[in-house]
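The following blocks contain the structures, represented as structure tokens.
Shared between the two complexes below is chain A, which has chain B as its partner in the first and chain C in the second.
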Partner chain A sequence: MSSATADKTAPASHRFAGIRNALHIITQSYSMMFAAALLVTVLLLIILVPLLPGYDPYTQNLAVSLAAPFENIDGRTYIFGTDTLGRDLLSRVALAGRVSLLIGLCAVVISLALGVFLGLVAGFFRGVVESIVMGLADLQLSIPRVLLLIAVAAIVGPSVVNLTVLLGLTSWVVYGRVARAMALSLREREFVLSAVTQGASAAWNIRKHLLPNVLPQMLIVGSFELGQIIVFEASLSYLGLGIQPPLPSWGMMISEGQQYLEIDPWIALLPGIAIFMLVTGVQFLSQAFTSEGQFDLASPPKGT
Partner chain B sequence: MLRFLARRLTQSVLTVFGVLTAAFFLVRLAGDPSVLLLPVEATDKDIALLRSELGLDQSLPIQYAKFLVNVLQGDLGLSLRQRVPALDLVLERLPATLELALTAFVLGLVLAFAVGLVMRLTPSPRLRAAIMWLAFIRQAIPVFFFGLLMILLFSVTLGWLPSLGRGTIYHLILPALTLATYELALYLRLFNSALGEQQGQDYVRTAYAKGQTRTKIILRHMLPNALLPLVTIAGINLGMLLGSAVVTETVFSWPGVGRLIVQSVSQRDYPVVIAGVLMMSLVFVLINLAVDLLYAVLDPRVRLS
Partner chain C sequence: MTETAAPILSVRNLVVEAVGASAPVRIVDGVSFDVHAGEVFGIVGESGSGKSITMLAVMGLLSGRTRLAGGEVKLRGRSLTDMSREELRRIRGRHVSMIFQDPMTSLNPVLRIGNQIAEILEIHQPGLTRAAVRDRVIELLSLVGVPSPERRYRQYPHEFSGGMRQRAMIAMAIANNPDILIADEPTTALDVTIQAQVMELLLAVRTRNQAAMILITHDLGLVAETVDRVAVMYGGRLMEEGPVDEIFSRPAHPYTLGLMASRPRLDAAPEFLYSIPGQPPSLSNRPSGCVFNPRCAMQNGREICVTTVPSLGRASPNLQGMTHNTACHFSGEIEGWIGAIAGGRDAMRETS
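Right, the complex of A and B next:
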């Protein structure tokens, strides 16, 4: 935990050592390379497909409904097939991926900012502030996260913005706990103590001394959380409480496809495989960064 | 032990109180229930009448106090749709949820235990790597998609097991396995690293030096020490399990609290949603309490800290 002392005067080659180490770890292991391949494939699909001609996630055409993958109808090949309304599944999976990834990234940024802020403030000031923040964290962990999301989503109503904010606000606890733990040890270090004795304000100390030291760790936690949040979003959408039509989402597509499992299982399978690829890729790679020994995800702090 | 018990109980009561408070404000956030309850053509007088009937014309602190008193008396309001107490609806569904969650919990632990030991005892590193790989892949599949894969394989393709509903033991197999395999994957990784940590300990080396067999050392000496982290994580993870159960119930049309909550959300039946979430949280708090007490029994150091 104490290994991450940000040294601003370090040469650039030093600063990117983490990334180079991670790349080294990835190329050393077959499973890492496999995960990286999964992630690159799904990212290419998400990014490139909407740029291709024939990209059309919305137009319904009952004449081509439930086409199988690679079925050619009227001179057009549907690589992923079509759904019940004859919409092109390749386009829909790609667009849903964009939405999912965007929501996931925004939610991670929100929760990271909130968690780091609350954690650092709690760890730096201690006392009442710390009790309140940690009490809030315990309280939130006492309700299973899916249930909390369902309850709040039910009440504020589902929309992309609500969903993003909600996922962000309910995911701060991990960052808060780790940031607080790090702040507790950092505040006793000489460089912080000397700044305090020279009259530096708490805000300055938190911003200049604590934040740069916890940020690398937080980004690692964030990369792991991204996978989790994508799964949460997909689960909510599967339950009909997340992304709303006409916008496609992987979760909703799986829920629709479940009704046609016997006729055309691909409607549900393809978006499911896409989630799997994205989540596996993201989580495996976040492990490549963690195996540097900076933050051990195998033993998360209690309650995460 | 008594002091530990008292402290832990206070904590649980505080948590339940916090959840109740959060629930109260959530319901207030939802807007005026009188608007939801009455038809569009209701006059202002009708609305005022209903508001005073529901106590909505009183100040917020008084409403809050009344809410707490009501909850303590087991009154969580009426279902907006079915006009019966929301709590009754939830309690009716609770056995199904507990049946599913507990089966999955026990199944997950037993499987993790068995597979984890096989993994430690087997001389083949290939088998070990393959198991860890499967565990990792299972963890990356969302529970609802894994459930769907189970349905596709065992119900649609093979036709061995029913894909939805509750009734016979066969109905329980697929949803319980869906949940249990997730637990299994998580426990396996932890169990493995916990056993691995014991590997280099002095007492293990001593046992080897005394000429004990590897199997005996693992079973008699390392296993008890590796159990503690497993119990902790299993307890912490129960929240995740209950949450996953909510989703799994929908996948398999399992008539539990989770499915009730999801259905009530789509019907905008907030009292039932809140009652369901409160009940699940209460179950979660109670289980966590039990796990902590178990942990204190297993490890005396916990009591003193």
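Right, the complex of A and C next:
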């Protein structure tokens, strides 16, 4: 039972409970802090660089092509150097990061929504619906994801929207399976039966009772998936099936840079390092929250 | 409680079957009873006697391996058994609502209490504004005795004690002023001091809303205190049904008699507590004839108990002044068996 004194302070502290929880988990170990540092660095790069005065990802200047990092040409320092067409790599890495992250987040949202919907419906209704949904999931799992992405991307043609939707539609299985498994146990819980006796329809129960219970876990799965999706996007762009020039993407930059690996390895290395930092940071953190298991955005900390 | 008034809820020959690998098993077999306006109707019986399943069948909530195999349920003259799922859904929570045994698991842990109570209003009265719903929920919370309802409205179930949670469940159950409240062992999961408070509250809100109530329990003391009429269930059938005072003081069925005799008493210190010999029947292998016959002293080798199912009807005319119904071929002989069944305990009528 909660005491009256504890309750008075409760509403204000609840609001930031999720953030405080997260900070607490991160500061538990050095590896987590390192991962968080990687992530923050990349995010700062992506967010801040386009605000700097020298930001220009598109202008080509062959006179300064293949500049090394920190090379000063004509009174301008290229911190990351330039690519073959003399474009500023710092600007391009930052813009590519924005593109990659945006595509990744949108794809995660699409796949999360689709997967959670299908999984909850399958787990709640069972029977034929469940067989169909899980059959679809198995079917999709039986085809290697990269192969599927390449095939479909080649058919629908490359564009940012196509790529995002495609990545989203092919990533629902994880969410679907986890959501279904959780729905199977949630549907037997008494609060669901209780809602049914109060006249709640199936749709109502799924939306009001199952969804809030699975959402925190789904967000963790989502953060895990974000890293993977960014790598997939880079792979597709590397193959020329993703982002199209002149818009930069990390994968495409690596693909462009590989021809010059011996002359100027930085063209390929810098976006590669950026991918590594972002994905490692996201994955490590999501793993921390998964193993901690207590990170719960939807409800306040326990122990009142 | 007049017998002539049309009952609010009328159940006739309800049969529920469990469908398994082998032949279907009857878990509720020919149960009939009426619940009248403003009355508290008790259903008592041991675990597995079919009390809760009967209520789920009444609400049209049988699912999975159980199904309604016969009988009719009427609410204010409308047949619930003929209704579509959607019509039934509208009835539930609006005209009939249910309170469950365990308030610890009946609330969704990730939703605020206020929002959970608001839900039942939103389901059945979609026209209400947010502010109206909120006001009503706070009114309900204060009605069920939750202190400082505005603050409690925003709290989560884990911030509520067991008793407070059950109060919140009661608030949900009465939110739409239902005609009938079904309380399925509402106090079993609570500790004894809270039990009395919750029961008192339940009866108070029931009286205030003029709702009828069905109380499912195996607590005979609770039944004696709170119920107007009672039905005794055993092995999926009704053994006896009638006014609680009469059934408790003058049971006409040997099972009820045994049940009464097995209660501990304050005014006597028996050497041992009486128990009905034998085990409750396995429903898949139910005794033929009267379900109680293998454990019944009165059967005494008589054929009819094994061959014919006794129907629920007026107790034998031999028993003067009895008005309740019983399902025993030899209810007229009951008074001669009191000594034998109650293990030497004399004069059952003095026990209550």
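Quick note on the criterion: the second predicted complex is superposed on the first by the 270 of 304 C-alpha atoms of A that agree within 3 Å, B and C clash if a C-alpha of one lies under 4 Å from a C-alpha of the other, contacts with A are read in each partner's own complex, and residues count from 1 in each chain.
As a convention for this text, a contact is a pair of C-beta atoms (placed from the backbone, for glycine too) under 8 Å apart; a residue touches a chain by one contact, two chains touch by 3 or more.
Note that this is a predicted model, so its numbers are computed, not measured.
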Contacts of A:Ser201 with chain B and chain C, given as first, second, both or neither: second
Touching partner for A:Glu262 - first (chain B), second (chain C), both, neither: first
Touching partner for A:His209 - first (chain B), second (chain C), both, neither: second
Contacts of A:Val279 with chain B and chain C, given as first, second, both or neither: first
Touched chain A residues, chain B compared with chain C: B
Partner chain in contact with A:Arg189 - chain B first, chain C second, else both or neither: second
Shared chain A surface residues [contacts with chain B and with chain C]: 298-299, 302, 304
Complex contact set, residues of chain A against chain C: 1-2, 7, 10-11, 189-191, 193-201, 204, 208-209, 212-213, 298-300, 302, 304
Interface residues, chain A side, partner chain B - complex: 31, 135, 138-139, 141-148, 150-156, 227, 231, 234-235, 238-241, 251, 254, 258, 261-262, 265, 268-269, 272, 275-276, 279-280, 283-284, 298-299, 302-304
Chain A-facing residues of chain B, complex: 15, 18-19, 22-23, 26-27, 29-30, 133, 136-137, 139-145, 148-149, 151-152, 156, 189-190, 193, 229, 232, 236, 239-240, 242-244, 246-247, 250-251, 261-262, 264-266, 268, 270, 273-274, 277, 280-281, 284-285, 288
Complex contacts: residues of chain C adjacent to chain A: 59, 61, 89-94, 97-98, 100, 102, 105-111, 119-120, 123-124, 151, 154-156, 158-161, 164, 169, 172
